[in-house]
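In the two complexes that follow, chain A is the common piece, with chain B as its partner first and chain C second.
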Partner chain A sequence: MELENFIILFIVIPMGTGVIGVLLKQRVHIARVLGVLSFLATSALAIGLLVHLRSDPAGILVSQMGAWPAPFGISVVFDSLSGLLLAASSLVALACYVHSFSTVDPVAEKRYFHPMVQLLMFGVNLAFLTGDLFNLFVSFEIMLMASYCLLTFGGTRLQMTQAYKYVLLNLVGSTLFVIGAGLVYGMTGTLNFADLALFVSERQARGEALPPGFAALSIALLLVFGLKGAIFPLWFWLPDTYYTCNVSIAGLFAGMLTKVGIYAIARTFPMIFAHGHSDAAKVVMPLLAISAAFTMFLGVLGAVSHHNIRRILAVHVISQVGYMVFGLALMTRVALAGCLFYMIQHMVVKSCLFLCCGIVERHTGTDDLDKSGGLLKRDTYLAVVFFIAAMSLVGLPPLSGFFGKLVIIREGWRESMWWLSIFGLLTGALTLLSMLKIWSYCFWSPSGESIERTPANMPNTSSLRPAYIGATLLVCVALFLGFGAQPVYEIAYRAGEQLAAPEAYIQAVLGPEVIENLARARAESAALATAAVEVTP
Partner chain B sequence: MTISSPVLRNSMRLILPLMLLYALYAMLKGHNEPGGGFIGGMIMATAICTYRMSHGFAAQLRLMPVHPRVLIFLGLGLALGTSTVPLLLGEPFLRSAVGVFHLPFSGHAFHYASAMAFDLGVMLVVVGVGVGMITQLSEELE
Partner chain C sequence: MTIILSICVAVVFAVSLYLMTGRELKSIAMGVFLLGHAANLSIIAMSRTPVRHEPQLLKGAPILTEGFDPANPMSSIVDPLPQALILTAIVIGFAVMAFLLSLLVLTSRKTGTLSIEELGVVATQDD
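Entry: the complex of A and B
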C-alpha cells in the first residue's frame, strides 16, 4: 500500500458522505453521525500525515490521478502548506458542524443541509490539495455551489437579496478565472503548478524575459483570488453575506472561504507569478503591500464602528486577512511561514468567535450590543470561552494570535517595510478596542433591560449542548496553537521554505525524468522557432 | 406542462426510442471521440422531458419510475465507486483498467475500459439533475 495514493481520501470521504447524505434526506440523525465521522476522519488523517511527514526529508506526498504523468494529468499534492490548512479546516468544519445541530432550522435540515456542508468541504479540501490551476478553478466552483445553497437555506427575502449579489459577483470572478487560466495555458503551455514554476525559474535562470503580458495576467489572477479572499478594494460583498445566513454556517464561511482565496495567492504567487525579480513581481508586490495596509486598517475601523456582534466579527475577517496579505507582500520564507501560521490560527479563532456569537444570540434573542448584557453572570463558561478566543484574535502573548503577528511584523521591520508594520501594530490596538466593546457591552455590563424572558426566547439549554461542544473544541485548538506554537510553527516554516524555494516541490511533483524530457522538448521547440524565423524572410 | 398536439404526440412515439438509443450511443462513443456521459445524459434528459410534454407526467413516471434524487445518488455513487476501487488495489485514484475481451461466439475483439462505469455515473447524474429541474419548474407552472 502506498501512502501517496491515500491523500485523495481528503476528497473521497466528504464526497462519499455527501452522496450518501442525498439518500438520507429524512433520516437526520444518521446523517449527523455520518457527517461527524467524516470530519473526524479527515482531521485525524491530516494530523497523522503531518506528524508522519515531520521526519520525512522531502515532506511532500504526490499522487497522480488516473496514473497520468504529471504535467498532463492532474496532480494531487500534500505538502506542509496544504497539510496544515487541511488539518485546521477539518477541525473547524467539525466544530461548526456540531454547533449547527443546535442552530439549524429543522425544516432546512431536511433539505440537503448535510450533503451541502460535506460538499463545501469537498471543494475546500480539493482546493488545498490540487496541483493544477484549472482544477483549482473546479474546486472553487464546487465550493461556491455549495456555499450558494447554504447561504439561501432560510429562503427569506433578505437572504435572497444577499445571495443574488454574492452569486453575481462570484460569477464575474469565476469568468475572469477561466479566462486567466486559458491565457496561462496559451502563454506557457501548461497548467500544472510545478511545471509553471519550472517554466518561470528556467526562464529566469537563462536571463530570458517572461512572455509579454505575463504581468497583466498575474494581476488578473490576483484580482480573482483577492475577490475570494476579500482583500482591500474587493471586500464589499463580505459583511452582508455573513450577516444573513445561519450563524454556524457564517462561522464555517468565516473560517474557510476567504482563506481559500488567500491560499490560492500563497500557492501561486511566490512560486510562479511573482517568483524572483520578474516584471510581474515588480508590479504585484507593491500592490499587495498597499492592499495589505488598507485591508488591515480600514477593516478594523469598520469593525470598531459597528454595533452588532455579528457585523463586528464579519468586518473583522477583512482586517485579519490584511495580516495574511502583509505576510504575502514580503514574500520571504519567514513571512510566508508567519502568514500560514496566522491563517490557521485565524480560521480556528474566528470561527470560534462566530460560534460564541451564536450562543449569545440564543441567550439574548438578538445580536445588538445595546440590547444584550449581563451574560458574564448568566453564562460564565461562555464568557471564558469568548474571552480566550477574543484575546487570541487580538494577539495577547501566550495566545495564538501573538505568534503569527510577531513573526509577520518583525519580518516587516527587517525587510524595511516599517510603515506596514506600524499599520499592523495600530490595527492590533484597534482590534483590542473592538473586542473589548463586545466584551463590555455583552458580558460585563449589568443585565440589559430589554431581555424579556418569554417562552419564545428562553434558552433551551438541552439543545444548546452541541453549540457548547463546538465552541469548546475550537477554543482548545486555539489554546494548543498558542501554547504548542513551536511544533506548528516548525511545520509552517517548512511550508514557507517550500514556497520561497520551489525546487523541492517541482522535483516531487514532476520527478527528475519528466523535468529532463520537458527541458529537451522546450529547447527543441525554441530551436524550431528560431529556425522558422530565419527561414521566413 | 402538457401540450395537446397530435403531431407532437405521434412523432414523439417514433422519436423517443431513437433519442434514447442515440443517448446511449453518444455515451459509449465518448471514450475516444466527441461525446461522453455528460452529453449522453443531456440527450436522454431532453428525450424524457419532451416525452413529458407530449404525454404528460404519468407517462414520464412510467418511463422513469424513480425519483430523480435516486438517479443522482446512484450516478454519484457509481462514479465515486469506480474511481475509488483502484485505491484498494494500490493504484492511484481514478486509474482505469483497460483491456480487450473476445466475444464468446463470433470472436470479435471488444475494447473495454473501467472508465466507462464512471461515464455511466456521470450520465445518470445528468439525467437526474436535468429531469429533476424541469419537473420542479413545470410543477410550479401548473
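Entry: the complex of A and C
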C-alpha cells in the first residue's frame, strides 16, 4: 500500500468517529474511548509520516481524490507545513479532549458533545490538508459549524447572547470567502493552489501583469483569513468568545481556530496572492507588517489590563497571533519557518495554559485573580506545570517560545524591519509582566482570604485526574519543542522553503504531464483569443 | 446578461446590508441569509464558457458528452464548476440557516427578547 493513501485517514478517522459518536449519544464511556483512540491515531499517523518525510527528497505526499487529475479533482496534500500543524493539532485536541472529561457538564455531554469535538477536528484537519481554495472554504464551514455548537453548549443566557457576535461575524466572513473564491475562479480559471501558483509564477516569469483587480482580491481574502485569525482590526470577537464557553473547549479553540486562519494566509499568500514582487504583494506586505505591530502590542496591553485569568489568556492569544503575522509579513523562508514553529508552539503552550486555568478554577471556584491565591502550597504540581507553560509563552531561553521569537525577531532585523522587531521585544517584556501577574496573584500570594475551605467546596481531586493528564501531556510536548527544537526546525525550514519557492509543491501536486498539458492548452487558448480579437472588428 | 445579473447582485447586497443594520436579531439573520444569496448570484455572473484548458484535458469525459454540439463545441457548454460551487454553498447555507434560526428560537425562549439593546441588558444578569 502506498503512503499517499494514508493521508485521507486524517479526514476519515475524525469524521467516522463523529458519525459513530452520534449513534452513541447515551453511552458516554464508549464515546470517550473512541474519541481518545481517534486522536491518538491521527497524532501517531502525523508524527510517523513526518519522520518518514524527513528522509524523502521530495517531501510532499499528494493524493488525488477519485483519481481525477490535479486541477480538476480535489487534491489532498501532506507537506511539511501541514504535517507539523496536523501533528500539533492532533496532540492538542487529544489533551483538551481528555481534560474535558473532568470539566464538561454531564448533561451537556449527552447532547452530542463528543461528535462535535470530532467534527471540529475533521474541519481543522481538512483545512490543513486540502489543496484547493473552495475546499478550504468547505473545511472552514465544517469547523465553524462545530465551533458554533460547542460555543453554545451550556445554553446559558450569557453564552446565547455572546455567541451572536462570533456566529454573525463568521457568517459574513464566509460569504466574503465564497465571493473571493468565485472571483479567483473568474480571473484565473482554477481554484487549485498549485495551479494558481503556476499561473502567477508563469505570468511573472514572462513579465506579464496579473489580471486587473488581483490586488483587491488578495486584500478581500486577507480580510477573510484575518477575521478567522483575529489579526489587528478584526480581533474584537475573540475575548468574549473564549470567555463564555467551557474551559477545555476554550483551550481547544485557542489552539485551533486562530491558527487555521493564519495557516490559510501562510498557505496562499507566499505562493499565490503575494508571490514575488507583484502589485498585490506591494499592497499586502505593508498591511501585514502594520497589522502585526498593532496585533502584538495592543493585544498584550489588553492582557496586562485585565484582572481575570481567562480574560488575560484569551486576549493574549491575539498578541501571540501578532508574532505569526510578523513572520508572514517578512515572507522570507527563514521567517516563514519561524512563523510555523511559533504556530505549533503557541498551539501547545496556549492550550496548556487554558487547561491549567481550568484546574485553577476548580480549586478556587473563580477565575478572578483577587479571590484566588496560595495555590503554590496547595497544588505544587499544577504550579510547576503552569510555570513551565507560562515561561514558554514568554520565551525564556531553554523553552519553546524562545526559539520561535528568536528566529522571527532576528529575521525582522536582517530584513530592515527593525521597528517591528522592537515591537516584538517590547511585547515579550509585557507578556512576562502579564504572566507574572497571574503567577504572583494566583500561586505565590498567601491563600486568598475570601475562600473558606469546607468539605462541600473542596475540589474532588479524583475527578480532576483527566485534567491533570491533559495538562501534563501538553507540557511534555512544550518541553520537547524547547529541548528538541533542532529536528522540528529542520522540518519547519523545509516548509518555509516549500512556501517561498513553490516549484516543488507545483511539481508534486500537478505532475510533469499535467503541467505540459496546461502550458499547451494555455498557448492554444491565447492563440484562440487573439484570433477572436482579429475577427471581431 | 452579465449586466442584468450584476444589477441583481447589487440590489440583493443593498437589501441585505440594510437588513443587517437593523436592531432586531431576526432582521440581522435575514440580512445574513440574503448576503449568501448575493454571493451565489455573483458567482453565476462570473461563470462563463471555459476558455482556458478544460476541453483539451476533459475530452470524452461524461460531463461534456451530453448536449455536446460537435459543430460548435465552445458555444454548447458552460463551465460546470461555478455551478458546483454554488450548489455546495447553498447546502452549507441551509445548515447555517437552520442553526441560526434555532439559536434565535432558543434565545427568545431564554431571554424573552430578540432586540439587541435588551439582550445587552439581559447578558449581564445571572441565569
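Just so it is clear, the second predicted complex is superposed on the first by the 534 of 537 C-alpha atoms of A that agree within 3 Å, B and C clash if a C-alpha of one lies under 4 Å from a C-alpha of the other, contacts with A are read in each partner's own complex, and residues count from 1 in each chain.
Throughout what follows, a residue touches a chain if its C-beta (ideal position, glycine included) is under 8 Å from a C-beta of that chain, and two chains touch if they have at least 3 such contacts.
Owing to the predicted nature of the structure, the values given are computational and were not obtained by experimental measurement.
Peer 1: Identify the partner contact of A:527: answer first if only chain B is touched, second if only chain C is, both if each is, neither if none is.
Peer 2: Neither partner.
Peer 1: Among the partners chain B and chain C, which is in contact with a greater number of residues of chain A?
Peer 2: Comparing touch counts on chain A for chain B and chain C gives C.
Peer 1: Thinking of the overlay built on chain A, is A:51 touched by chain B (first), by chain C (second), by both, or by neither?
Peer 2: neither
Peer 1: For A:63, decide between first (touching chain B), second (touching chain C), both and neither.
Peer 2: first
Peer 1: Regarding the shared-chain residue A:384, is it in contact with chain B (first), chain C (second), both, or neither?
Peer 2: neither
Peer 1: Touch test for A:209: chain B only (first), chain C only (second), both, or neither?
Peer 2: Neither partner.
Peer 1: Determine, under the contact definition given at the top, whether A:433 touches first (chain B), second (chain C), both, or neither.
Peer 2: neither
Peer 1: In the superposed arrangement, which partner chain does A:6 touch: chain B (first), chain C (second), both, or neither?
Peer 2: Touch status of A:6: first partner only.
Peer 1: What is the shared patch of chain A, the residues that chain B and chain C both contact?
Peer 2: No residue sits in both footprints.
Peer 1: Can you name the residues of chain B that touch chain A in the complex?
Peer 2: Spelled out, the residues of chain B in touch with chain A are 69-70, 72-73, 76-77, 80, 84, 86-87, 90-96.
Peer 1: State the interface residues of chain C toward chain A in the complex, per the touch definition above.
Peer 2: For this pair, the touching residues of chain C are 25, 28-29, 32, 35-36, 38-40, 42-43, 46-48, 50-53, 56-58, 81-82, 85, 88-89, 92, 95-96, 99-100, 103, 106-107, 110-111, 119-120, 122-123, 125, 127.
Peer 1: Enumerate the contact residues on chain A facing chain C in the complex.
Peer 2: 69, 71-72, 134, 138, 141, 145, 148-149, 152, 155-158, 160-164, 167-168, 171-172, 174-176, 178-179, 181-183, 185-186, 189-191, 514, 517-518, 520-522, 524-525, 528-529
Peer 1: Touching residues of chain A toward chain B in the complex: what are they?
Peer 2: Going by the criterion above, the answer is residues 1-2, 4-6, 8-9, 12, 15-16, 19-20, 22-23, 25, 63-67, 76.
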